Amino acid sequence: MSSPRPTVAAAAPLERPANRQKSVERGRKPKRLTPGRIGLYAFIAVAAAFFLLPAVIMIFTSLKSMDEIRDGSIFALPQHLDFSAWIAAWSTACTGLSCDGIRVGFWNSIKILVPSVVLSIAAGSILGYALSFWRVRGANVLFAILLLGAFLPYQIFIYPMVRGFSLLGIYNSLACIVTIHVIFGLPVMTLIFRNFYAGLPQELFNAARVDGGGFWRIFLYVILPMSTPILIVAAILQITGIWNDFILGLVFAGRENLPMTVQLNNVVNTTYGERTYNMNMAATILTAAVPLVVYFVSGRWFVRGIAAGAVKG
Amino acid sequence: MTTRPRRLRMATFVVLPAWALVLAAYVGTMVWTMQISFTDSKLLPVDTYVGFDQYERLFSSTRWLVSLQNVAIFGVLFIAGSLVVGFLLAVALDQHVRFENTLRTIFLYPYAMSFIVTGLIWQWLMNPGLGIQKAVQNWGWESFRFDWAVNREMAIYAVVIAGIWQASGLVMALMLAGLRGIDADLWKATRIEGIPPWRVYLFIIVPMLRPLIITAVVLLSIGVVKAFDLVVALTSGGPGIASEVPAKFIMDYLFTRQNIGLATAAATVMLITVASVLTPWLYFEYFRKARPRGAA
Amino acid sequence: QDKPTAEVMHWWTSGGEAAAIKEFAKAYDAAGGVWKDTATALGENSRAAAINRMVGGNPPAAAQFNTGKQFDDLVAQGLVRSIDDLSKEEGWQAVMPPFLYDAASRDGKLYALPINVHGQNWMFYSKKVLSDSGVESLPTGWDALVPALEKIRAAGFIPLAQGGQPWQERLLFSAILLGKGGKDLYFKIYRDHDAEAAQSDEFRGVVEAFGALRGFVDQGSPGRNWNDATALVLQDKAGMQLMGDWAVGEFRTAGKVADKDYGCSIGLKGDTLIVGGDVFVFPKTGDEAQVKAQNLLAKTMLDPATQVKFNLAKGSMPIRNDVDTGEFNACAQKGMALLKDKDSQVPVVDIIMSASLLGALDDVLTQYWHNPSASADDVVEGFVSAFELEE
Amino acid sequence: MSQPTPANEVMEPAVSVRDLAIAFASHRVIDELDLEVQKGEFLVLLGPSGCGKSTLLNAIAGLLDVADGEVWISGRNVTWAEPKDRGIGMVFQSYALYPRMSVRQNLSFGLKISGVPKTEVDARVDKAAQLLKLEELLQRRPAELSGGQRQRVAIGRALVRNVDVFLFDEPLSNLDAKLRNELRVEIKKLHQRLGNTMIYVTHDQVEAMTLADRVAVMRGGTIQQLAPPQEIYRRPVNLFVAGFIGSPAMNFFEGEIVAGEGPRLKVGDAMVDLSRYPFSTNVSPGQRVILGIRPEHLAVGPAAVGSVEVESQVHITEPMGADTIVWASFAGESITIRTDGEFNARPGESIAFHFDPARASLFDAQTHLRL
Amino acid sequence: MSQPTPANEVMEPAVSVRDLAIAFASHRVIDELDLEVQKGEFLVLLGPSGCGKSTLLNAIAGLLDVADGEVWISGRNVTWAEPKDRGIGMVFQSYALYPRMSVRQNLSFGLKISGVPKTEVDARVDKAAQLLKLEELLQRRPAELSGGQRQRVAIGRALVRNVDVFLFDEPLSNLDAKLRNELRVEIKKLHQRLGNTMIYVTHDQVEAMTLADRVAVMRGGTIQQLAPPQEIYRRPVNLFVAGFIGSPAMNFFEGEIVAGEGPRLKVGDAMVDLSRYPFSTNVSPGQRVILGIRPEHLAVGPAAVGSVEVESQVHITEPMGADTIVWASFAGESITIRTDGEFNARPGESIAFHFDPARASLFDAQTHLRL
């Protein structure tokens, strides 16, 4: 025997299986809490603090009175919980003459959000499907222009779009703002759906064609049901983007449909008026609530969806 | 021999409206933008052409030059920073840590916040009289300085930090998805070879995540070119013009300063810059090696 | 249904502002109309929406603008209707500050309705801080201000409460330009874009006086909102702030009394007021009912009683010099006194300069203000080249 | 076993591909290809990866546009017809089941959308399910099935369409050996029962040999040999086919024809008497040829009459249970011999083996064509 | 062929697994498993999917924490040692190459990291590349290699580590049949040349039979039989091993021992004389047993002495070139017979075939153990 081994163990293999005795020394079992592990948790803690700090300050501030805000540190805990700013922000904050808070905008935002998200996802998925499964002439050119367009600042579009929509006669309406969101959502939506569909097996599509499916049937019955992960990703991106949009809603939605962000802007941004930071924060949190809830609920799906869709990049 | 029938396939038919839309909305706007940039339009577009006057004016504007410089700094640092932070977060979450769901949400939520808020909060945090500096000084470290938002030299970096705060969650999600897709055998192979994890990540995993990194870079650079809200909310381009960016330049001249000729000239410059970077890259990433597929 | 209905777009969203616009709305409703309110915070947002709606053919009955060149193009493109007939009918020209009337007119015809006057070179100061620092009274010259500010600093206060946004810096600069350079230089620079004047020693002196103040602001100044700066004064943390008369509202909200807790002075000398204000434009419309609504609206807004109520709420001064001013506070009284005399007022820079050039000058000033090592020459050069480029 | 209907001037072929060319971009993958498949025939397309098997199949199915030529199915020119209108069913390598549908829905999807009445759909699905023993699985989703079950569903999906022509693209290659054997037999039985025309792509020789009525061996977009499997195995038309078919592969030795009474072949030091070889073309002395001998045509032990006997050292033996592969050498080249499972030899041991030239194949060394 | 060093009291095993237990969460996948692999031995772990082959291999490699028991490699207790410190190299089914590195980098990365001097790294890589015929490919990326080449690189990566023990986890199962055959031979040669200990997981029997010095047939986390391949093939210890090994699979028939002079077996109507069967345990009349006959032990034609002769109709024949599989029936059950490639019979035709009970296997119907 060459290597030094405890005698008990040396004998063991010969005695077995008659004697199922274990060697005394089994070697060290590694410790669970290695320095690497501690470092990892330290990093996560610091990162979490970095990401949470603004949220904490927002919540603290929203619960303070204005005097407390003026006098104290922004990190100080609220002396006593004061929800009046929340109530004010939601239902009594004034925008010009109407003092209904930001809740009016909430429903407007929903009204804009739902059709915009649905339609822009529909448009992106259909276009992505057409471009990746069907041989369409000039598909690449179309796609390239779309991507290039994604890099233009929105603001440049506003004037020509206004002219265009007033020619069409739907300027300043729900239809108008929804169309705008569909247009601006198209590049990224097409991109992610195209990439996702590029990862789906071509054979599946072929099978459906042999089975007799046409463009729409294959899409509806075969492709769409497989798109759940990427639909979730698309939905999250669009919900966030559309909900947080301000300038498009302001210019195109029309007076009756102004989204919540416009109200938020009215509450938060004044040039000459008093700034009520507590209400601003409350209003902000309230405005961000919808996308936040979406993230909380579907964060796990988001990662999975990207995982499913990004195989091809 | 039968001749090939000419059919208007549904696929083509479906793509037509997309074409119409792209031509009208995107190409139309681009053409319009360029056209206006050659006029001396003020508040509203007019068609008195002035040649390259607006461009001359543009490039003799210190603010525009500072903006260009800033967007370069911001772009590089923001993209690099978000990628690094996002990647590190993804790696951390990939170590089978507890509360992964909660942590993921914590890292991701800033992406759901509008820039208005991000800017305001970070403005506070980086304000010497209100934020971190004051808090740390109150804890006894008198000489501590963290006044980036009001410091001419550092303001653009303040914007970078806030931007990273907001966007690295998205990168994290993308990267985490990529990490989850890595073959377990690969990890085993590296363990057998005794390659330390950090090297595995750096030399093996990162190159493998290339497609995802590209997606992330596309999304982030869209953000860079359009960077406006964040700057407005955080520094308003200041102190002075220290943190001006092109999108804000365009916005200001479009709406406040009522010179859309100049604004469109600026936009055209941006567009051409982006296009000249993007086009070759798009070609290489998406089309050249695109697997030919698709039905007849 | 027959009632004239007017949708009014404006950016008066904050508390005091909303109270003011409410006076208009009440009066309009009382006059038999129906007021539809469309408020959007921030001037540029509200204007963008209004302009786009005019361009898009779906204009409101009236839209708020700043007095000045902001609506030039709208007039040129025929998107705005002239209200000259109304003016003649009501004799408005006679009772309004001439600068503002002219600023609202194009080719001698009134195109926009001025509704108020804002004095924009008020120096507000904390009486307590000044006396605690041993400064008995506000100096009357900009050069004399520096030693006073030094005293305040020595006493541990922030000498100058300054917001950190270009428009606030411009306000301060304009006040110095007018106070130190005089009306003549003011007009040469702002109205005539006179490069020679900009290169004069006089102007250089103004710039240096402006630059001398750079050292007297606190570290948190950049990016600060004006009201946060005002708060410093009214909390007796800072000595003084140069601001428009809208700041009075802040003092009032905080329960401070003019001439008792805080002082106010027009410029430093108190002789010339920089006047600006808000106007409403009335988009052109083919709709008879709309025109009627617009007419009613214009008349209601300029009704003397409404003017008083509105301007009291707003913190500004009535556009008409023939109204009862008894209820206005001490500061406003000072302003209105000057308003009566054509020579003791100058128009605010926005009125006489294009937004584009103004922006360019803002860029020059703000760079100078925030860079302690920048010299007066930088400003002079900046002004000159901006003038050249704008021609 | 169903037999192909004998070629008949009046009878029309089930599938006929004429002068077909297919190009990807400008690269012609298939050019001037002709193929006729008889009614009820089981045709296997066999060839190495990338030779164009799937491409040909897809062209027949209408999933690819042809660049030139025509495709006829059941007497109709379907060159430009939609896949669904060609009367074909197709089974894919990756199963290509609709992942979100149950087995029943997978089977009935095609029928439903082509408007077959519901009762008939159910009847057909039930029949196919019964045939393929899928009754128990009808409610499951593809993810809940094993590989073999999935492939059966894929076959069922083609089956319910009641078509004349079935196309299979490597239907079994994702399955493990055991399952592959089972399903292969099932497909064979299915063909016997239904009598449809089947075109079956594979690169597995066992499948090709056992299933086919005729095998088309493809290479680089062309058909090298189209013949019944036994003929391809015994009389490969060229070196490629000879080397491609058979596992372990045929042993090849290059040599030279030498004159004498009857042709003889000199390979290395050995001399092979070719008098019993059934030449189909003439050879001349000095011509360089390649001799091919299948491992199973080599036998260990002393030679019978007319056989060639060789002595060699054993390199390796690979016992495979039922038989053992012996690696030895002949004429300086390595040679594989297939012996029965009982055979035992140590590496280095010397053995004698022999073969019958009549069962060997000879190819021209230049043209690679069979002699 | 390298032979396992005969078990020797003094000699220590290369790998020794003692009383091993592995659990995922609380589910024990392997329990109380013992295994000794001799120095230089080629051990194959064979078993159906999910039986724990990979789990065992990973435990040996240190990629899994063991729940109980020990792992010894080359005389060291490495139960808790890091994988890299165990002196092992491992090759994975999915190759697990580093996709963005060249072949050379793939081979040298691990060495570089562990601080081997550059000249030595190059020497080792070049040697491995030469051994595996990778010289031409050193600059390529994995994506630019064929499956077989990739797998060779993966082997090379294990090779350069100069370790005593190689672990292979189904290294060939992603390759097509032809490549699999080629690489199998290469691995065999490699083993002969290097003489390292190799533990090789597969579910391909051909690989197991040809490569192994000993095969461990696993099922449900336990080793069913550990023996040289021929023994496993000829004398499977239980029904599972018998059915799992061999393709086409062994034919099984259940029957009953009947008394007489010498044991006889009644299967359906047939009576099988078992006097020549080498029983290892006792049987009693009335005991239900299962008779297993390999297809290649069935021969078509009249019986020799002592054989059992059966007559049956042919169901299908599958000509496979070298041999033909005939499906017929015996005792009411389907039976497969392997005959040579020349055999020809029509379905429905009647044939006679026979087998030698001495080469059959008998299992207890209850315990499934060999009798």
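Residue numbering begins at 1 within each chain, and the chains themselves are lettered A, B, C, D and E in the order written.
Operating definition for what follows: contacts are C-beta pairs under 8 Å (C-beta built on N, C-alpha and C of every residue); 3 or more make two chains touch, one makes a residue touch a chain.
Remember, predicted model here, so these are calculated numbers, not experimental data.
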Number of hops, subunit C to subunit E, where each hop joins two touching chains: 2
For subunit B and subunit D, chains touching each: A, E
Interface with the most contact pairs, given as the two chains involved: A-B
Where subunit A and subunit C are represented by their mean Cα positions, the distance between them in whole Å: 42
Cα-centroid distance, subunit A relative to subunit E, in whole angstrom: 51
Subunit A and subunit B, separation of their C-alpha mean positions in angstrom: 15
CA centroid of subunit C to CA centroid of subunit D, Å: 90
Shared interface positions of subunit C, touching two or more other chains: 43, 45, 48, 55
Multi-chain contact residues (two or more partners), subunit D: 62-63
Multi-partner residues of subunit B (at least 2 other chains): 130, 210, 255, 295-296
Subunit B residues touching subunit E - in the complex, by the definition given at the top: 183, 185-186, 188-196, 199, 203-204, 207-208, 210
Parts of subunit B lying in touch with subunit C, wherever the complex brings them together: 42-44, 46, 57, 60-63, 123, 127-130, 147, 149-150, 152, 155, 234-236, 238-242, 252-253, 255-259, 262
Partner subunit B, residues of subunit C touching it in the complex: 43-45, 47-48, 51, 55, 69-74, 76-77, 164-166, 218-223, 354-356, 358-360, 363, 366-371, 382, 385, 389
Subunit A residues touching subunit C - in the complex, by the definition given at the top: 70, 94-99, 158-159, 162-163, 165-166, 171-172, 247, 250-251, 254-255, 262, 265-275
Partner subunit E, residues of subunit D touching it in the complex: 1, 49, 173, 176-178, 181, 184-185, 188-189, 192, 203-206, 209-210, 229-230, 233, 245-248, 294-296, 316-323, 325, 327, 338, 340-341, 346-347
